[in-house]
Structure formats: structure tokens, C-alpha cells
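Look at the two complexes coming up: chain A is in both, with chain B in one and chain C in the other.
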Partner chain A sequence: MHHEEPFTNRNVSESSAYYYVDIETYPTTGWDKFKQVVKRTFNGELFVGLWVVMREMIKFDIHTVQYPLEKLPIGPRYRAVHKLLRLWESGYERCIGCGLCEKICISDCIRMDTRIDENSRKEVTEYSINLGRCIFCGYCAEVCPELAIVHGGRYENGSEQRAHFVIKDDMLTPLDLLKAGEQAEYPGFGAIIPGSDASVKKTPLAY
Partner chain B sequence: MNEITITIDGRAIQTQEGEYILNAARANGIFIPAICYLTRCSPTLACRICLVEADGKQVYACNAKAKSGMDITTTTPNILAERRAIMEVYDVNHPLECGVCDQSGECELQNYTLEVGVDAQTYSIKDTHKPAQDWGLIHYDPALCIMCERCITVCKDMIGDAALSTVARGSEAIEAEFKESMPKDAYAMWNKLNKSLIAPNGGDTLDCTNCGECTSVCPVGALVSSDYQYTSNAWEHKQIPATCAHCSAGCQLSYDIKHTSITDPEAKIYRVKNEWNYVSLCGAGRYGYDFENRDVVKNPVAFEAAIAAFKKADTIAFSSTITNEEALILQRLKEKFGVRLVNNEALALKNFLSNYSTISGKSLYGGDLKQVHEADFVVSIGSALKTDNPNARFAMNNALSMNKGAGLYFHPINDPVIADMSKNVTQFNHAPMMEEAALYLMLDLFGDKETMPSSVVEYLSTFHSTKTVSVEETVDEKVTETVTKMVLNEESGVEEEVSEEVTKTVKKKVSKEVEVDENALFALLNAPAGFAETLTKYLAKKENFALMVGPDLYTHPHAANCARLVALIEKYTVFSVTMIPNLANTLGVAMICDLDGERGSYTIGYNTAGDFTLSALGNGDLDMPSLNQQEGTLTGIDKRVNPTNAALSYGGYILNDLANALGVNAKLTVDYTAQLPVEKGFSACVFDSLPNHYTNSGEEVRGYLLKNIAMNVSADENVRPFDVSAAIREKVVYLANPVLQFSPFTAASHQLQESGGIYLSASAIEANGWSEGELVKVKTARGELSVSIIKDGKIEGDIAYLPTFDTAINSEALFERYRFASVSIQKV
Partner chain C sequence: MDVAFIIETIIKIVVILLVFSALAGLGTYFERKVLAFMQRRLGPMHVGPFGLLQVAADGIKLFTKEDIIPQNVVKPIFKIAPVITAATAFMAAAAIPFWPQFTVMGYTVHPIVADINVGILYVLGVMAIGLYGPLLGGMASANKWSLISAARSAAIFISYEVITGLSLLAPLMMVGSLSLIDINNYQAGGITHWIVWSQPVAFILFWIAAFAETGRTPFHLVANDHEIIDGFGTEYSGMRWGLFFIGEYANMFFISFVIAIIFLGGFGDGSIAGAFQLLLKVAFFFFFFLWTRAAWPDVRPDQLMWLCWKVLMPIAVINIVITGIVMMF
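After this line comes the complex of A and B, so read on.
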């Protein structure tokens, strides 16, 4: 359903929250313009600003983020470069190669190669996302039935080429990190909605 | 058949009397759900979801026949409840692996589950352990199987292998409470499903001709191609509508293509699909798809050499695996440069057709495979049916099983596949060279003796004689006997002997002398004993008669006489006659090209050996595109000019480039489609205007039909008698291909790669004390070959055959022209 704010009176008036900013009239003649320049130059406002800088400098309490040495934390649901997650217990890849991400991708930048492996399971031999085309919409993460492809927090895509590919090995959680418990679940697009168990009707089981 | 009007959901539709309601609805775009029904096969009644109400009574649309004025409702509250319960039952314990399942959404279980709106499950039963099975080219996962039995149905009613059947599932019984609580039909369907599973008749291995049609009809991912497993999702494929390039059946199929891999964006064919309701593929069509000429780039040096060779050549020899357009280019080259065109296999058919038309007055035979499908009496003469044209075999089997038909199969090699089609099929394993006798027998048995040329009638009468035979009959005879019994005399209390007369009926065998007509042709053709009686039984209530004649006749030393006999059969019997051309476009080549018999001094070979070879197999002097890399038309057995499209790209030179360089100009090869000779029956249609699909009613909308042109008839209808002494009684070898092979192109595809040898039945190998794989020397009057022995489980008897698909074995050199040759086979 389309939802609209109940904001009926959009006109600026005495009763509304809007008011006109008091702006001096612009100088029109050359003399007036000259006077304005002289006035602004010798007013001392410049030193007000310089004083603030000076004061903060000698306080030695700087708030500037020292990027790239320092990065701001980003929201957990931020959609940056993708990750492929592993199953917690077994360490197997979560991706089953269903191809839904490939299908849903609106910029058609996901491709995967699959085959039947020795255990008769579908194995994803290669998986790639063309980050030069990816618009980070999150559909792949949302459609993934296994919570395998998710977005991560890595937003830097510096590269020599515009078409910067990520391949499976770049995205897949390394086993040592998994064992160290470093793999993080993604709470954004695709994650299970809290309380969804309550809305599911269970299938009867004969045993 | 009468045209009648029935009403479905308030819509009046026209259909044929006796047509199934389901087919009538489908033909008119009315949706009735159905899972287990296959068009052209018998209703299975496994799924019961096609339930409709006809005149207030619930019937199954797949097996209830339409009657005039019938009023049908496709949905009532009760039917909807049944359908919902049926789909819920199908979903019980069905593995939730849709994400990896090879059906990948092309799934009738998914579709109907959504269609009937199953959003919760009511039923449950304990699951059984059903491990997946590998049957070679086919993979079966019983856990995914919903027991619609379509695989069994198609294998029996269409293909004729009957290689699958149901076995016990070993499941627990359905809980009793469900019987009370659930809809009736849903319970019955579940009860049946719960008892069975699919299994090959041969136990663990599938013993069949590997057509793979079972995988094609499977509504779920239970039966899939082993090779295709987990390589792709259905939706990723681009489907290229095409015509099969291997045999003359010209089956419609689609090549499913996709990029090869992430690193290789070049298209690759992943599988072949077919409209299984209307066309059935054989294994060669289904698995032999990647015969393309790969990684070809333009080689100007080879091209210049080819131009030089063309200027030097006086002969172009070629095989029939080319398009009509290429055939026309070759014909134009002939017209311009006067080169000879040599294609003996097409020439044989061309000569056969021209001899046939001297009596029939038509350029082409009158029948097609559709008529064979609809026939109830089918005869095949001079063709190893299952390998010459698998679709002709399917048509014969379909006719025998669906129309309560009967059939006769005349061929020197005993074929168990033919024998398994029906109880009502008789094989005549006559001696080679006796094909004319078979044709005479047809005239004798079915010809209209009143109108037939008197010379033929007289000749036929020489085979008849009356013979007195003693027939054993069982008669009821009344016998009166005197029986002595011991009876207790009640007065005296002593047992006395009493005589009593008893009359009883005794069945007694008596010998009777009767005069019977003896047909000497039966014995000449090695008819089984008592064939005269069998035939009478076969012919009861038969209405549609179809005859198929094959390549054995075209290459027969008396081919001209055979052709005239075939024309007489078509003229004086009720049989429709269909000729089986050898290869994909033998008929097209025979119609388009003026062919010559002998090669000259310098030959350009196109897909065949020559002094300069153009080859789509990649082994010649200049590469050519194969049939899945070019667009064009192919003329099939049904006399239909079918379009085919390029599924894969091709980077090299094509025949049209050569023709352009030689001054036969056209921008594209398909520009020739509209120029195909109208006087031979072709139509001036532009290639892009040719359709290639089937409609919902099963109508074949593909290309166009060749016109059967009227030819000059000579009043002479004389045919030569056949020579009994010509029959080859000694050991012979036959020229034919094993199942799944037609030409080097089938053998080039990765799933069908094999090397040839000499093929023998198991009994023949054993009788000679040989074993499989042993090297033997095969010697005929024309030469000898050293080949290894290969067992063919699908033939019987002691006739061996040599294949043509393996370019390493030059089998053709061993044969004069006729497909049989006297042979000696010695162990090396």
C-alpha cells in the first residue's frame, strides 16, 4: 500500500514551522560592491576562524578519522563486497549451486560453474561476481536459500581495471578463520526474520 | 471418425468422436491438470488429477472418450478437494532439494503444487531408504520419483523396449485414519504410489536401446541424463530449435546452449530436448549433439588450396549429412563446371524412386510415419528398422501397442527388439536377396487380384498348390460303457456285482484329411510354422495398413524390379508405402542433385574421402561447419522440408564461401532455400519464414511438405520374377550401424564415442568359439578387414554386421552395393 504523510499545509505562512531567512539585499552598483568587499576584508572575521583552528590545534584533541589507517565502523547491514560463508560445524561450503543469485542478479554479473562431485553432490567449482557491474542491490543475498552469499563490510574496490572481479577464493571464508570463529553472520538482506518460526506451520511427520 | 461438439466449462468445442476429453481440451487451449498422461500412449490412471465431471459423473479426462453433446466441468468443489489432496500426497516426503535438482523449476510437481495451492501438509508416512541408481547414460533417483509411470508407459507404448517396470517399494501401510478422512481418488492414488517404484526389467542394469525418452518424459528430476547432472540450470539455456542431423526421421529437437564456463564465454550444447508429447527421440539424437567442428578459424591458405582443387576437380563426392541448400550449391557447381556429383547412397534412393514412379506416376511415395503411427497392420521390408530409422521403429511399435495392431518384419537378421514389440508380430528371417519374394508375398496376400496385371497374378499362382494334410481335430464323442459296480444289496446285506450302462462325452483326437492351399512363398521366406493361421488371426478387424521399405531394397542388385514391385503394392493393395531414406538428408540430395555413379580422376570429398577433402569432422584439408553449426533445411522421411538452426558459432569458411569464390554467388547459404527446385516438389519459401514447432493439438508446424509431383506413367506394369537360386545361403555380413550410431558425427559426440568392429550376436560369438574383443579377419569378394569382435545384445542369429560410423574401418569397400555380402570370418 502506498503510504502518504498527513502533511496537508505545505505553504509557508506565519503559523507554519517555516520562516524566511533574513538576507541582506545584494549590492547592485559597483561602489556598493566595493564597499562590501572592504567591509568583509577588514571586519576581522578571518581571524575568528583562524583562532578556532589555532585553539583546536593546541588542544591536541583531533577528531579526524585517519583513513586509510583508521576506518569508521559501518552498519552491520551495509552492502559491500560479497562473502561466501561456510557451515559452522562441518566447514562445508554453504553454497549448493542452485543458481538463484545468478538468475536474480539484475546487472547479470554473477556466474558459476557447477558439476557433480565424487559424493554425488552438486559442487560449485567456480563462482564469480563482476564488481565493475555489480550495483550492490543485495538481491543475491536476499534470494539465497542457504545464507551462503551475503554482503560484507569491505567497500574498497581499488583496482587497475574497471571490471574488478571477485572469484570464489576471495569470497569464501578461509577454514582457519572459520575455526577461529571469525566468520560473521550477516544480519542484512537475506537473513532470517526474527520470530519467523512462529509463522511457519509444521509438516506432520510419521515418526 | 465423426466431428462432434462437446461443451467444456460452457465453451462449445469441436472434436472427433472417441477422442479423449483431455486431448480435446488441450487442442482447444482449455487447461485440465494431468501428470501421468502421455499423448500417443495409453492412459495410465496413476495420478488421477485429470478428474473432471462429464454429464454429472466424475470421470478421468485422460481415458474418458468424448461423446456428442457431452457437458464437461473441469472444476467442482469435490474435484478441487481431490486435486489438492493428490498434490499434498505427492509432496509427502518429497526431498526439498529443488535448489540442486536438475529439473530446476521445469517441474510438474512444483507447478501443480502451486497451481492447486498446497500451502500446508496434512498427510504423512514413514519414508523408505531409496538410494540413487546409475544406469549408464541415465541416472535414476527414486527419492524424487512420484510414480506417474510415464517412463514405463513411453518405453512400452512408444519406444518398444519395455525395459522398465514397477517393483515393490517396501513401504509401511498408509495409516488407516487417512482412508476415512481423505478424498477417495487421492487415497486410491496414494495407495498405488505407496506400493511401487520404478526398476529396470534387467535387475540392476537397464537393458534397452538407450533412447533416453524416459528422462525426457519424467515430470520431476528422478530420471535425468547422467552427463547433464548438476552442470546447469534449465533456465540458463537458450533453446535453439533444430532438426536432428543423424537419420532421415528429421525429428524436431532443441539444442540447449549456454556459455562453456566462467572463463570461456563460447556457447556449448549442454543437452537436447524434445517435444515428447509429439516426437520421440532415439539415443543418437538425444546424446549425440556435440559433433561440431571446434575452434576453427579461417585458413586462407587452405581456402586457396580448396579453390585450386575445385578448379582441378572433375568430381565432387559427398555424404548426405548436408543441408538442402548445400546440395543445391553442389548442383549449381555441377551446372556451371560440369563436375560429377557422386553420392552412391542417395543415388540408390534416387534411382529407386524413379523406377517406382514409372508405375506409380508420382515422384514420391505416398506414406509417412504418421500413417504408420495410425495403422493397425504394419509391414517392414528391407530395413534393419531399429538402427536405420529409430523413429520408424517407434511408429511401428506405437501402432502395434496402441491400435491393437499386428505386424510383419522381413529381414535376414533376427531382431529381438522387433519380437518384443508385441505378440502379434512375425519376423521373416529370409535369406539375403529374397526381398523380392517378400514384395511378391505382399502382392499375393493383399493385392487386388481382379485389377492387378494378369502376368503378376499368373506368376503368383505358380506359388500356390493344394496339398492334402492330415489335421488333428478334437471331437466330442459319446461313449457308452458298461460299468460294473459293487452295490450293497439292502435286503440280503451282501455286496453284489451290478452292471450298469453309462454314457459320457469323451474328447477324442481324430485325424482328418483336408485340402489346404499351400503358399510356397512362405517357405521361401522362412515363415514360421503355421503362419497361414497366424495371419488370419492378425488380419481380423484391421483397417489401416502401412508398409515401410528400407535401404536393402535401394541397393539390391534388382533394385529396379523391387521399386516397381513396391509401386504395384501401393497401387493394388490398401497399404500406404513409406520409404526409409538412409541418412539425414538422403531424400533431399536425391531430389536436388543430378547424381553420377562413378568418380572421375580428381575428386573433392565433402565429408567423405577424396583427393581434397572438405570435412566437418575436422580431419580434412579444409574445415566445414557441421550440421549443428549451420542453418538450412533437411528433407526427412515424412517428405517434409524441416528447418534447422545454428546452435554453435563457426569461425571458418563454409561451402557458400567456396561457391562465391567460384562464381556461384549468394550472400548467405540460406538464400538458396527459396531457390530449391520447385519442379521437384520444393516450395519457394524464404528460410526465415519456415516454422518449426508443434501446436497443442499435436499438429506438426514445421517447414513445409514436399509436393508429390505427377510423373509420366508407362503402361508397362510388368515385373520380373525373382530368382530363388540367387538367395545367398552361405555366411553373410551386413552393412549397418549399431544402436546409437549413424555416421562419424554420432561417434564424434562425447557421450557416444566408441570404435567399431564386427558386431555379432552372443550366440554367434559362442558358436564360433570366439570372444569379445578378439581380432578377426573379415574377407569378402571385394577385400578384407581386420576388426575386433563386438557383442550386440540386440540381434540374434549368426549374421554379423559391419558399421559405417567408424572412419577407421572402411566397411563400404567390402560391399558391392547390396548391403549383404558373402563373407568368411577368420580369427587372426
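After this line comes the complex of A and C, so read on.
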């Protein structure tokens, strides 16, 4: 029997997809054992096995993904190595140095340094994630009020040092890629709402 | 003994050694490919076209790997054990006719190193000596898995050797000769003369015993990965381990030749077509070794011994008795 339908009803009953396997009682007498051996020998079960693998060989329905040459698609919200995004129009860094990600990080792997720059704005000078500790829980991306730190899709992080991926310059979207429109954001929660430009109001200067 | 004979024999030995060493390597490639296709994988793909040069890559790796001799092993025995396996596998090939005799520039070549009159007895005997490789290697390794493997190999050996001998007895009674060439010529009349039709039971029994002889999957107890790591090969590395491997695969080829010659008519009447038929038969038996590995589970040692002693041996004896009665009347 082959069941691929979803197991909506997980209780064992007549209507559910689960069923009890019939297990015959073990033979006790010598004659019964002999009969079992004969039955199993001439049942042809071995040939069923041979046929199954031969069928798969003839069908040649290969499922191998030749990895470095082929890659499986990953979901847009895949939680791989982090990215720091920039504002779309001005190209400024989105990160305002609030430190929420540093605070919420349960494995305590985010470290940031900030300073007050010449325009009296907070500027992030250092931002690093220790990938040796990061558990990719996604809390930092979730808590970020500016949608600045997000998870990216870069899962191939083989390197001489893990740190190569997670100092600020590596994570921050380079300006030329931003201009080329390469900075990707996934739709849904945690992304810019479509048409958000129209709803932005200028702060009244009277304050 | 004249010089020409010695030179010819040496050339034959070298050719057989080279061909079957290469075939043993290619055998691993075919095994990986066939198993992969049966499991919906691709197998080796990166070295060379379709991974064909994987054999060369493996060879380079094995030859250049450090030859580690662990601290507590019995050194001389540990070192000699793989050689026994590989050497006996090739020694067994001496009495196997690989091709019908042919004439090159007026010189008749017999593609068999030594057509001795006890051919099949010699082949089986020398193949049986190959058991000492796993046995001694496993016992000398100072490793629990290896020791279990050595014990298993001895237990399996005494079980399947009985079947091999008894199952072959019936066809040999019919042929009246132990020489593989005589056995082949007995069936030269074509497909209806094959011994498999008159001795189907012996054929099945010998085939089953061949799996135990070569240690292939239903009876792959000596080096069963999921139970005893690599068995006797656990402590081996580099080319010493590679020799075990060459021995195993060469054995598979040779036992395939033996089955094809004894039961399926061998090279028939000695024509080129017959010779290629022999190669096809051997290829089928080799493929079957790989096929069963993909399809069948392994049995336990006690199940194998139960099978050999309590099922196959009585059947073999009954087969001999019936053959004898039929031949008498």
C-alpha cells in the first residue's frame, strides 16, 4: 500500500491512513517452520527485489543534483549568512545603530560599535557576527526596526576563516550593486510595503 | 622444458595479471555506477568523462597513501595477509581457460596458463586459500571488529566450501574430468548440451556458494559495514587495503568464468562467436553480483550457516545421489 495523502487524521481508526501491520504468529513446530521456509523460498520475494532495482535502473530517473554545477532553488526567506541593506534611494546604510539585534541575540554573537558623526547622527563603525556562535535563529532580522539586517541566501560559506563573511563590509550591500538594483528584498512580513513611498509624509518643520 | 614454452607461459601470466588487475579496478567503477543507477543516483561523475578516470584517481590515492602499521598488530602477518588474498585470486586463474585456442602467425596459443588435469579442483583449492587473507589479517589486526570478521570468515568458509564441492560433484560425475577444458568441450554441442539443463540444482547451489566464496552481498558478513566497520580491513590503509580489494574483484571475475564454463557451456565449440558468448556470460554473472548488492539484504552469520549446513548441503547430497542413480541406469 502506498499513502501519500496528508495524514490529517492522526488517530488510528478505520478511516485514517494508518493501519496495523499483519504479523503472522511465529511457527512453533518443526513442520510449521519447514513450511514457512518452503513458502518463503518459492515465494519469489528475492526476484521482486531484483525487479524493483532493475526497474529503477531502466527508468533512469536520476535524482542527483550535481551540486557545484547545479543548485536547488532556495526559499526567499532562507536563513543563511546575514546581509546589511542600504536605503533604496539615497544609498545610506539603513542601520541606525540602535543595538536591538545585539541585545536580542540569544547566542550573543553580534557585536557593534557606534559613534556620533560630524552631522550628529549615529554611525555604525563596526558590525560583526560571530558565525561560530550564530544559530541562524533570525531574531536579529525580526527585531530590526529599519529592516537593515536580514538573512541572505548565501549558504556557501567555505573559507579559511568564518570571519570572512560577517564583518560589516562583507554584509553591507555594495553601492554599485544597489544602483544596479541587485539588493533583493523578499515580500511579506519584514519587507517594504508596496507603494510605501506614497504614504510617507515629510516631518513638519514646525516641530 | 623448452624456452619457447617458458616465454609463452610468462607472457600469458603477465597478460592475465595486467588484464584482471585493470578489470578489478574497472569492476569497482561498474559497481559504483550500477549501484548508483539502481538507487537513482549518478555515481562518480567528476574525474574524466562520466567518471571513467575515477579508477585512476583511486589508484593514485591508494598507491600514494601512507602505509600505516598500527602499534599492536602482529607485523609480519599483518603485512602478508593482503598479499595472500590478491595472490591466491590470481593464482586460481592459472587453470581457467579465458578464450578458445587461436592461431597467431602459425603458432597455436592456448589462453590458459596450465591445462592441468585437476583444473577445477586446483581453482577451488587456491581460491579457498584466499580465505587466509581475511582470517590472518583480521586476527593480526589487534582490533575487535577485525577479530569478529576473522572468526566469521572461518565459520562461513567451512560452511560454503562444503556446498561448493558437493554441488560440483554431480556435474563432474557426468563429465568424468576435472579439467575445465574437458568440461567445456563436453558442452561444445551448443545450448542444449549445457550442463545447467541436466544439473539445474547444482547450478543454483554453486551460484549461491559463489556469493559466499567472494563475500558478496547476501553473504557479505566478513566485512559488513554496518555491523563490523570494514571487518578485517578496518586497520588497513593504502595499497594493502587495495590488495584486498583487487583480490575480491578478481575473485568475482574468476568465479564468474568458472560458473560460465562449468554450467553455461563456456566458449562452446571454440569459435570467435563462442568466445564472445563466454564474455557475455561472465559479464552477466558479474553484473548479477552487483545487482544483488543493490536489491538484497545481508543475512546473519548464523542464518548463512543454517542455510549452508541444513538446507543446501542435504540438497547437494540428494542431487549427487539422484545423479548417480540416473547415470547407473
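Just so it is clear, the second predicted complex is superposed on the first by the 118 of 207 C-alpha atoms of A that agree within 3 Å, B and C clash if a C-alpha of one lies under 4 Å from a C-alpha of the other, contacts with A are read in each partner's own complex, and residues count from 1 in each chain.
In the analysis below, contacts are C-beta pairs under 8 Å (C-beta built on N, C-alpha and C of every residue); 3 or more make two chains touch, one makes a residue touch a chain.
Being a predicted model, the structure only gives us computed values, none of them experimental.
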- Between chain B and chain C, pick out the one touching the greater number of residues of chain A. B
- Counting only touches as set out at the top, which of chain B and chain C does A:37 meet: first, second, both, neither? second
- Query: So, does A:53 touch the first partner chain B, the second partner chain C, both, or neither?
  - Reply: second
- Go through the superposed model and pick first if A:145 touches only chain B, second if only chain C, both, or neither. first
- Item | Partner chain(s) touched by A:80 [first = chain B, second = chain C, both, neither] | neither
- Task: For A:178, select first, second, both or neither according to whether it touches chain B, chain C, the two together, or no partner.
- Result: neither
- Message: According to the stated criteria, A:63 is in contact with first (chain B), second (chain C), both, or neither; which is it?
- Response: second
- Message: Can you tell me which positions in chain A touch chain C when the two form their complex?
- Response: 37, 46, 49-50, 52-54, 56-57, 60-64, 66
- Query: How about chain A: which of its residues touch chain B in the complex?
  - Reply: 96-100, 102-103, 111-116, 120-123, 126, 128, 145-146, 201, 203-207
- Message: List the residues on chain B that touch chain A in their complex, please.
- Response: 98-100, 104, 120-126, 132, 172, 175, 229-233, 235-236, 259, 261-263
- Item | chain A partner contacts - residues on chain C that touch it in the complex | 34, 37-42, 45, 291-292, 294-296, 311
